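Let me begin by handing over the structure; questions about it come next.
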Amino acid sequence: MEWLPFSTAEWVAIRLSLRVATVAALTSLPLGILVAFVLARKRFPGKALVDAVVHLPLVLPPVVTGYILLMLFGRRAPIGAFLEQTLGIVFSFRWTGAALACAVMGFPLMVRAIRLTMEAIDPRHEQAAQTLGASPLWVFMTVTLPLAFPGVLAGIVLCFAKALGEFGATITFVANIPGETQTIPSAIYTYTQVPGGDEGALRLSVVAALISLCTLVVSELIARRTGRRGVNIE
Amino acid sequence: MEWLPFSTAEWVAIRLSLRVATVAALTSLPLGILVAFVLARKRFPGKALVDAVVHLPLVLPPVVTGYILLMLFGRRAPIGAFLEQTLGIVFSFRWTGAALACAVMGFPLMVRAIRLTMEAIDPRHEQAAQTLGASPLWVFMTVTLPLAFPGVLAGIVLCFAKALGEFGATITFVANIPGETQTIPSAIYTYTQVPGGDEGALRLSVVAALISLCTLVVSELIARRTGRRGVNIE
Amino acid sequence: RAAGEPRPILFFAAASLQTALNAVAAEWQRETGKKVVFSYAASSVLARQMESGAPADLFASADLRWADWSQERKLIRPETRRNLLENRLVLIAAANSGDQIRIAPGFALAGAIGDSRLATGDPASVPAGTYAREALTKLGVWDQVSPRIASTENVRAALALVARGEARFGIVYATDAKAEPRVRVVDTFPAGSHAPIVYPFAVTTASTNPDAQVFLNYLASPTAVRIFEAEGFTLQRRGS
Amino acid sequence: MISFACKLARPGFDFDVTFQSNAGITALFGPSGAGKSTVIRLLAGLTRPDRGHISIADEVVLDTDRQCDVAPHKRRIGMVFQDAQLLPHLSVRANLGFGRWFTPRDLRRIGFDPVVEVLGIGHLLSRRPDSLSGGERQRVAIGRALLTSPRLLLLDEPLASLDEDRKLEILPFIEHMRDEFGIPTVYVSHAVEEVARLASRVVKIENGHVIATGTPAEVLAPTSLAKAAGRFDALSILSGRVSRYVEDYGVTIVDHPAGEIVVPGRIEPSANAVRVVIRATNVTLAIGRSENVSVRTVLAGRIAHIETDGGPFALATIELKGGEQLKAYATRLAVDRLGLDAGDHIQALVKAVAIDERGISGLHVVDQV
Amino acid sequence: MISFACKLARPGFDFDVTFQSNAGITALFGPSGAGKSTVIRLLAGLTRPDRGHISIADEVVLDTDRQCDVAPHKRRIGMVFQDAQLLPHLSVRANLGFGRWFTPRDLRRIGFDPVVEVLGIGHLLSRRPDSLSGGERQRVAIGRALLTSPRLLLLDEPLASLDEDRKLEILPFIEHMRDEFGIPTVYVSHAVEEVARLASRVVKIENGHVIATGTPAEVLAPTSLAKAAGRFDALSILSGRVSRYVEDYGVTIVDHPAGEIVVPGRIEPSANAVRVVIRATNVTLAIGRSENVSVRTVLAGRIAHIETDGGPFALATIELKGGEQLKAYATRLAVDRLGLDAGDHIQALVKAVAIDERGISGLHVVDQV
């Protein structure tokens, strides 16, 4: 790949960014679907609060979100320490932490996308499935979720795109360690901080834009194949 | 308001942030609806490209977006100079610029939300309106748009929330001038840059979170009144 | 802004100078009744904004490179430029840690870090990081230490990592370490181990505000010096 | 005048329908999946054919050869979809007013109040479509289409889920539209009487192709012994002139060359002929006079032809005095027992009570109070 | 055994329906907006009443007083919605298989292939609901409900948009379900013959209240001169025993104490009585023998009562030999001309061809090939 105008460090950042974005988008998906479903369909006291918490990463400056993550998921922090001891999962200064930061930052977008499509589903479809013997869980799996597929897809795309661009929370939470936590945006930031780094910043920005273009094209193709009415089950 | 624990500068930032977020969310709405409609309903060559451009602010680090805005809408920049001469609109280092930056950053979220609900509309409703003599524009105004209302509402909320938290592009584009361009997130940033600023950062973060909570509650109430099927026209 | 009232000075300053500059400006306003408006951001951002026509009167950079960059583009007046402040680089640890280590050529920093991290500004972009790399290189420990570096966007983030115990050590400015009670200075880097850490100040080319130069001079006044020193800065000899 | 010729290939379904009609009401008739709704959608401009030419009242609205395709909203049609398709975000009132609003004021010929009254939806005006029953929804859809004062009315099984009483209120109204405003109508229905009563032209479609077109008498009268189930669709249509209304008995006597036809209810005498639809299954054949039965309509004629096959039924074609044909079903058993044969002179007995009001145009049934 | 008692207040609509039925098929009958679909939805558990008690086959599925409300998916119902409601993201095959999949294997009593064949949807299996015609959609919905092998079948106007031929194929199948698997069924329909043929109990609803329940004969037979339009809904149901099938003529002779009833088609002789539905409008009265008409079914009886009013019609109640009652409509004109009066002995003539197959259970029409 020498013919491509990227330094090794840049290649590392690109690969890492892809990994982080993919992991962030996919691992946050189950929780995203669950939260979206609860917000779309249930009424309970404190619902607005849950909604607000979900939106928090959007509302707070990324740096603040990064600090909060540090305070919760750092090695010395309550949840972080617990996870390390019980499951051996370490976030601090690892790419997993970058993925967590990206997932958190992308979460409001994902939840909203899924929620919107779920709210648009005609409840009579779910009623029809019920009369056919599907329990609420099965209705969710076989009707709600497939019909909400356009939203799920959009949620993945949004979270992925956000993860490609997320930088403030990531760098605050897990710093900017080449090969471990230096994603494309961190690398771009580094370039913008030095005089004459514009060219490198531009190069990587184009890469990020191209990756997102690919993602969009792919998602568009998937969406077209599955159609307006969500995923087709055979 | 002396009993509230905010300095005058903080009050200024809060008021400015509210103004910037409101203007950003509302002024970008018409274009957001238009772009969402085109992406949801039309097929044309280069559609993926338009889609990618819309997503760009999500994918690029905010700093880069800020630089791009600076290069396009700065006083010395082509569009910026043109707008200043013809319409007298100045963005650079004005709160209007902050609103522009927030609008741009929130745009992908807004477009996606509106687009998702538009895609979920049963095209037979639009066909029915057509047979009743409504031209495409009227169909859009009387059927598509009211039925897409939940998405429009979500788009406004997302853009507003994003504007409350947006900082990277804003500070890069219009700096961090108290009373003019220092929004809540910029003020928080300033606090986080110095030791001992944590308390101020926390205070302002709570304010941002509360404002977004209010927005969410209000939007939830509106959504409940209008119902799943969009806005009810009499 | 009421008509007739003089236009306040717009001061583009590196975010790390915030506390000190705010205090000086408050003092100046008390004395003269004139206001200074600050826009704090990263030096790089400020420089670029000036390039695109920002109406700034004064520029204070935390980074020599961006001052030079601005000067090349004739954004600041070279004759007004002066390195007003100087800072020191220190090695820090969490306040409750017992780590003791003396900075010396070839000192066992890597061993002391262990599998933890050394937090500092990004050597490639953040000045503190650049100075840290220079110092560690000069002391002959950079190669061992560099894989354990956790570089951050700014010094404050590095400070937070150390304060929360995520990173065992950090290299930050003396001013930052002084203001953060949860960290403790382990040792100060010798002055010769790195280029002087200076903060260039200058009046911008675009400035039309006569007060700009006046305030710049005021920053060297004894009142200002007292404030700066209280914050942990050291004062440069005039004109260097 | 409607002229329709469209081709459309769908996987497993080949659609090629051509017909012309300048009837007031043209009925589309045919089994489920035949392509009736497709014709309606093509007429409305909601589906584009692979190739086609459609003109309505001498205006070409579609010509794929000449790249002409008038947009649906410019075709000025009033359409009732098979599944109502009310706009979910509008109240019933707004749904009704929707099309009206887009109709230029000087073209609004149909009044809001009479439509609402006939359809019995006055109490629903402020409701949302979601909360309507199936039949209520369909009625609102009919009203909405009528209120556009359309140039062409497209009705896709508009009465399918309505009860008989309601149908009998709405049908005259549709006729009224046809007569008063001259709105040509294309009507899809599975109900033979409805078709026979309303339509002056029937297009019978099967499997995407026209298998018969003509007057209701031509298309619906059994030309051969159809399969057993089809015999209820078989009818004859006789033209007569109103002779008088017998006040005492609430019946109208229609003069027909072959005899008097007694029809319950009042038909206003007019210069025009009235059409009486008689189901082939409702005709009883008798040899010689049969004064002792409770049937007052006795038409004299001659058996032109009796068709039989292995099944239980026989279909007799009777040439009535005056030339019109009347079809009559009987069991083969009865035909044999009576010894009926072609050439025999017989009496055709038609029970007045079995004449369906839906089958007589211009009839106003006199309800007892 | 279904026991139903629910109250529900909606703005402008007060619903309070109570009925019991241990019939195989219970018909819900009533005008548009009466509350039929509401009953169905309450039975399915999709709507909650303000107060109510529902039990199906001795299991209480709803009792608001005891906080008991069995979830819809546990009620093991097969439901056909008024508007099909196919799952849009599933193929026809998957829609059909959906409910089946949730049915425990040992409870699956109804086979896929016969259902698909009877409904004529074999060629649609890989299609999406979006691309089906109205009638096709309805047929798939019927199949889907049947394939759950339900404990209770709820059919909301399942045949409304189907043509006669198709109806005649599906009706016997529904009867077959009732007879073979003993699945109790609640059936909403506007078609009198369908109701009369299928149901052994009819619940007539109007405006949210039960106005009559009973056997079809009780509810549907005209107890008084209804308004004119209603007379087509009036019928009598006679019970007889199959005597023989006359091979030569393709007709079945049903023995009735008052005479032989000739029915087209073959009915298998069985120990059970067959029900023959006779519309009051299809009965002709004759004084003395009338050998010369093409009617083979002649039932002897005595006029019990003739009801008239100011309108054109008269409704005669005839006491047949054996005790069953037969209702007959005639014009008042005919009654006067024949001088008919209560107590007269008369002959009731019923045309075999006018007996609707939909009105006879167990009938297999012999199609000629």
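As written, the chains take the letters A, B, C, D and E, and residue 1 is the first residue of each chain.
As a convention for this text, a residue touches a chain if its C-beta (ideal position, glycine included) is under 8 Å from a C-beta of that chain, and two chains touch if they have at least 3 such contacts.
Note that this is a predicted model, so its numbers are computed, not measured.
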- Task: Give me the chains shared as neighbours by subunit C and subunit D.
- Result: B
- Least hop count linking subunit A to subunit B through chains in contact: 1
- Task: Using mean Cα positions as chain centres, tell me which chain lies farthest from subunit D.
- Result: C
- Message: I'd like the Å distance between the centres of subunit A and subunit D, where a centre is the mean of that chain's Cα atoms.
- Response: 60
- If you average the CA atoms of subunit A and of subunit C, how far apart do the two points sit, in angstrom? 35
- Item | Residue numbers of subunit E (touch at least two other chains) | none
- Query: subunit A: which residues touch two or more other chains?
  - Reply: 63, 67, 168, 189, 192
- Query: Using the touch rule from the top of the page, what residues of subunit C touch 2 or more other chains?
  - Reply: none
- Query: So which chains end up touching which?
  - Reply: A-B, A-C, A-E, B-C, B-D, D-E
- In their shared complex, at which residues does subunit C touch subunit B? 10, 12, 15-16, 18-19, 37-41, 45-46, 48-49, 52-55, 154, 156, 159, 176, 178-180
- Where on subunit B is subunit A touching in the complex? 47-49, 51-52, 55-64, 67, 108-109, 112-113, 116-117, 119-121, 123, 150-151, 154, 158, 161-162, 164-165, 167-168, 185, 188-189, 192, 201, 205, 208-209, 211-213, 216-217, 220, 228
- Task: Within their complex, state which residues of subunit B touch subunit D.
- Result: 124-125, 127-136, 138-139, 142-143, 146-147, 229-234
- Task: Write out the stretch or stretches of subunit D touching subunit E in their complex.
- Result: 10, 12, 30-33, 36-37, 82-83, 123, 131, 133-136, 139, 156-157, 160-166, 168, 190, 225, 227-233, 246, 249-251, 262, 264-265, 281-282, 284-288, 290, 292-296, 309-313, 328-338, 340, 349, 351-354, 356-357, 365-369
- Item | For the subunit D and subunit B complex, residues of the former touching the latter | 44-46, 71-73, 76-79, 81, 85-91, 93-94, 98-99, 102-103, 128, 130, 144-145, 148
